[in-house]
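Lettered A, B, C, D, E and F in written order, each chain numbered from 1.
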Amino acid sequence: MTGTVRDRLARAGSATVANMLLRRGLRNVLMTGVRPLTAGQRPLVGPAYTLRFIPAREDLDILSGYASSDHLHRRAVEECPPGAVLVIDALGSTAAASMGDMMAARLKRRGVSGAVTDGGYRDSAAVARTGLPCFHRDNAPRATPVALHPVALDEPVGCGGVAVYPGDVLLGDADGVVVVPRHLVAEVAAEGADAAAYEEFAALQIERGRSLFGLFPGTSESRQEYDTWVAAGRPGLE
Amino acid sequence: MTGTVRDRLARAGSATVANMLLRRGLRNVLMTGVRPLTAGQRPLVGPAYTLRFIPAREDLDILSGYASSDHLHRRAVEECPPGAVLVIDALGSTAAASMGDMMAARLKRRGVSGAVTDGGYRDSAAVARTGLPCFHRDNAPRATPVALHPVALDEPVGCGGVAVYPGDVLLGDADGVVVVPRHLVAEVAAEGADAAAYEEFAALQIERGRSLFGLFPGTSESRQEYDTWVAAGRPGLE
Amino acid sequence: MTGTVRDRLARAGSATVANMLLRRGLRNVLMTGVRPLTAGQRPLVGPAYTLRFIPAREDLDILSGYASSDHLHRRAVEECPPGAVLVIDALGSTAAASMGDMMAARLKRRGVSGAVTDGGYRDSAAVARTGLPCFHRDNAPRATPVALHPVALDEPVGCGGVAVYPGDVLLGDADGVVVVPRHLVAEVAAEGADAAAYEEFAALQIERGRSLFGLFPGTSESRQEYDTWVAAGRPGLE
Amino acid sequence: MTGTVRDRLARAGSATVANMLLRRGLRNVLMTGVRPLTAGQRPLVGPAYTLRFIPAREDLDILSGYASSDHLHRRAVEECPPGAVLVIDALGSTAAASMGDMMAARLKRRGVSGAVTDGGYRDSAAVARTGLPCFHRDNAPRATPVALHPVALDEPVGCGGVAVYPGDVLLGDADGVVVVPRHLVAEVAAEGADAAAYEEFAALQIERGRSLFGLFPGTSESRQEYDTWVAAGRPGLE
Amino acid sequence: MTGTVRDRLARAGSATVANMLLRRGLRNVLMTGVRPLTAGQRPLVGPAYTLRFIPAREDLDILSGYASSDHLHRRAVEECPPGAVLVIDALGSTAAASMGDMMAARLKRRGVSGAVTDGGYRDSAAVARTGLPCFHRDNAPRATPVALHPVALDEPVGCGGVAVYPGDVLLGDADGVVVVPRHLVAEVAAEGADAAAYEEFAALQIERGRSLFGLFPGTSESRQEYDTWVAAGRPGLE
Amino acid sequence: MTGTVRDRLARAGSATVANMLLRRGLRNVLMTGVRPLTAGQRPLVGPAYTLRFIPAREDLDILSGYASSDHLHRRAVEECPPGAVLVIDALGSTAAASMGDMMAARLKRRGVSGAVTDGGYRDSAAVARTGLPCFHRDNAPRATPVALHPVALDEPVGCGGVAVYPGDVLLGDADGVVVVPRHLVAEVAAEGADAAAYEEFAALQIERGRSLFGLFPGTSESRQEYDTWVAAGRPGLE
């Protein structure tokens, strides 16, 4: 995906993008209970590369397994493409870690855009220090094999109650994480960025004491005012 | 309500005010699961103006409805009196937004004291930037009509498990939101501020190594010490 | 416990220490839903001194009871040994406060290491200001006697779903709180600190672009590299 | 509503009726967590008459209030029209009773069709013995004024997460309770009964070993077979 | 306790008995989420004998421990007095069994009145077959030592969110379990049985078409009617 | 699997079989929150054939999709082998149906042993009437495409928090559903049946007034008594 599309999505924000999808009949695109690891972290944007977990079984899931180079949890970290987002279906469980700080550091180093899980991370403070934009439900300090078994890479999964197909684009910010179906990314990004720009105009008007009626949601008249304002170089906007 | 009463309530704090109400037999006055939108935001005080939601129905609740000037969600934002608190009964649901940043900006501009919902806000970061003191359960980025239908203004509602009658006074701070029945506001504010002042005295004593026994809760002796200390100009208190 | 052991545990962190216990067959050592009162507070380490609550009964649990010097809630605050951690079994309930700011101030003054509850605190902002490292589930501003009755001091309890025997050592940090059985403290602290040191080495390697394979978890080869690195004075580590 | 419509709805069943509404774009029509008071009770059908609760306040909600003839909880029981269904918005709470056995007996005697609450009933065994078809979330033996305050009759409410407007028709059976908007009742009842009849045909075919493909969901061919079967007097159906 | 008291409590029922306690200012006497193991089982009445669990620890809680005759879980079953009720504080957890069918059979054989836990039972069908009146939250088929460690007998505990002091009397029926403080048992039983008798009279009146007003709650007039009816030998009551 | 193994597992029961697995270090084998559709239904035994769902997306999941013969939900019903158990990973969600009565009837007709989901069924009463042993969490009357998208057949899944690998054997009864790893089925069935037989002996002894000590858990002496009793033709057992 182009930098322009990334910028437009980030500028629009997850709540506005979700509205653009709602207009297309898609109601279930925002993950539930998945939040930024740290307040104020920068937005996350990128295509999904998925890792699917199922519950662990004591005879199959042992710490030593992590030494093997074909261990799926390890492979996910080494194979997630640069620029992509590692999306982890952790069954919504924080009974064990979806990832720890060593893995986060490696993802960051490999140029991965970020990580999203409907479970949680261990060593969460250290994960945050890597600077990798991460989203999760809550801390999950227990060792992964205690409760989670990696079973597949890059296949359709559910995360936070939303379907994620490989290649769908994720946008994460303070409001949470929205999933944009591949084929809608470009148009939704454009529409969303435009909506965000109009909101800047509306915010200015509200500051000047104008009521929401006829302003938000916009009308043809207010859209015209907006166009004039844009043509005039967006006066009043620092 | 007078500025003095506002100051006294804010100084007392929600936990102490709840104790004053408990002494009067009112046990259920603190909302459950309702927290400040941002850590460290200033206290919220003001009389309640309510908005009641019921679940949405797809044929009645459509985004375009928001253009109409008699849409109750819009009217709530335009009609909530300056100085009042907009209290939103959102059925405790974060399935859709109780409010977004444009509405918050308008409320702020209109001089409303703040907003409280047992649901959540969308564009929560932008809502926070408006500087309006807001309380909610959690982020709720989905568009309001997806799950909520505004059905009435300024009538008795439940919010966070507490009864809120129009005109009751709300006090919100780090501990949460307490609802003070209209007729008790003045006396509870006075009592609460006094209790808070005594706690400043007690805190000083504790710092000096004094045990809690005979100090907190106060005894007639310790109250006398307190009065002496007040008379002496509260020495030791910066 | 020695300062060395305290330092080693704090350096290792709760997630790593939990792994050391997992290797010894102890899987349920991390409290569930218990988090730091304030982000970035310093780690909590110390032996457990426990307070057990049961549900309150209106005829037995009245505010005035707190005046009596043999009230168990008060005694817990006066009798918890300096250096120890007050561990409160609050039945996982935030229906009433496990502690307030006056008690926290007294514990701090008495040299207690900190407090942990699976319930919550009232006046939480003021509790945080005391500087006492505190962990809880969520704010609980209601007066204690509304829902909790103190029934015993310094006996085995459950807290956050984990067994806590008097004298067990608690370690609390950003990830949560881990309980270390008395007899394992010294060896677990040593192992944990070593694991943490190795992670610093691994982090450096990852920064230089090295893959996790053969590095984390460590192999005999990588451990040798690590030893060389240590012998060389840990180059690259500020 | 006519007996025919009642019969058709009851025959169709709540799950099938919900599908008919789904085809019309209404997705949120089945209450969540609301179940029959007793297994095997007969279906409930009737137009909604609503009672709305808010949380109780100790000074307003006292047992003696129930002696007054204008107490809304009492009035609901005396004023709910024969044939109608008393729908109680109890805030989804079982902290206190939505109704007890005396009220249920009175409703039965007055010819009311049944009662639905998203809270629960007290003396539930005795309520069941009255024979009034009742739906609730779970037992709620505590006295109503402990937690609930009746605030309005026959206005739009939410119940089990679904909007209920006075006059909407409720259908309750083993699967739960579905709410049919007034203006759709007749056509949905007809469609639903037809769908149910086709399912009887399909069930017979399945028993004879036929696959679901081309049978369920029906095709034009299978619908023709069905019409022939109906014309032939539904052979094979006892 | 006398048979009369047992009969009166059973006849009154848990919901009515809770009301008698509410009149005495006791609001929290009904357990939350604790239900009969089998529908229609006979009422449970008897003084409490308690067993307290804390979370298990793998090195202390092993199946073989159950062979030892001083194992507290075993002792509870052998030492609970005939006529008493074994009340198990299981931390509200169904992660492991509070009891199984062998223990239930032994309790039954020893003449114990029944068992109550806020956790659950394993082999629940077999437990039911023993005929011992049992109450729990839900099935809990996992072996006890997996999650629960017995730590004390016959001390004050919490169960289902209610305080239970040894000797308090428990009454369990379809509505759930109510805890009656020792010193109130006799008077509450008498009052409750009287209230139940009046309800039989009121039910007859309702059947005859009488409104609830002036009948339920009773007035001095209706109480007189009731006395006359009793004097007349309760005509109309089979 | 042989009929003998089926009988032994059914006789042992899920709780006892879980203990046999616990002895082998497998602690997480019992599904959480998954219960029989109808009380008293006969035990379910058979190898797992799995269906995996992910959340639905409105543009991909439409009712008409069910007409296509390669629709995975349909194929699961037609392709699940006779004697096997259809295990449905529904993400633990009852927001939509895992299956309805037509599918259940078809599975029954095809000789499938039963169905297990961690979601729920629609037309649950009709599903029960088919006589197919079914387990679920709760009713789920909403149409499947509203919330669930079938994504794969016969691959490893999680169900009720337990890992299920194709071919693992499921045993479901009143206590719930236990998953037995393929390679352990025969030995666990034998051990379990033996344990169940010993429990019959122990139950007889308990009835005769014998204490649990030295009887349950069994000792070498009691096992000898048991062998004698078996040799004698199990006297006392009807």
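In this text, a contact is a pair of C-beta atoms (placed from the backbone, for glycine too) under 8 Å apart; a residue touches a chain by one contact, two chains touch by 3 or more.
Computed from a predicted model, the values in this text were never measured in an experiment.
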Touching both chain C and chain D (chains): B, E
From chain E, the most remote chain by mean C-alpha position: A
Greatest separation from chain D - chain, by CA centre: C
Distance from chain F to chain E - Cα centre to Cα centre, in angstrom: 32
Centre distance in Å when chain A and chain D are each reduced to the mean of their C-alpha atoms: 40
For chain A paired with chain E, centre-to-centre distance based on mean C-alpha positions, whole Å: 50
Per-residue multi-chain contacts in chain B, two or more chains: 27
Topology of the chain contact graph, where touching chains are joined (line, ring, star, complete, other): other
Set of all touching chain pairs, with the criterion as stated earlier: A-B, A-C, A-F, B-C, B-D, C-E, D-E, D-F, E-F
Parts of chain D lying in touch with chain E, wherever the complex brings them together: 63-64, 66-67, 69, 74, 77-78, 97, 100-103, 105-106, 109, 122-125, 139, 141-143, 146
Residue ranges of chain D in contact with chain B within the complex: 24-28, 53-60, 91-93, 147, 149, 151-152, 155-158, 161-163, 181
Chain D residues touching chain F - in the complex, by the definition given at the top: 13-16, 18-19, 22-23, 27, 30, 35, 173-176, 178, 199, 202-203, 206-207, 209, 211-213, 216-217, 219
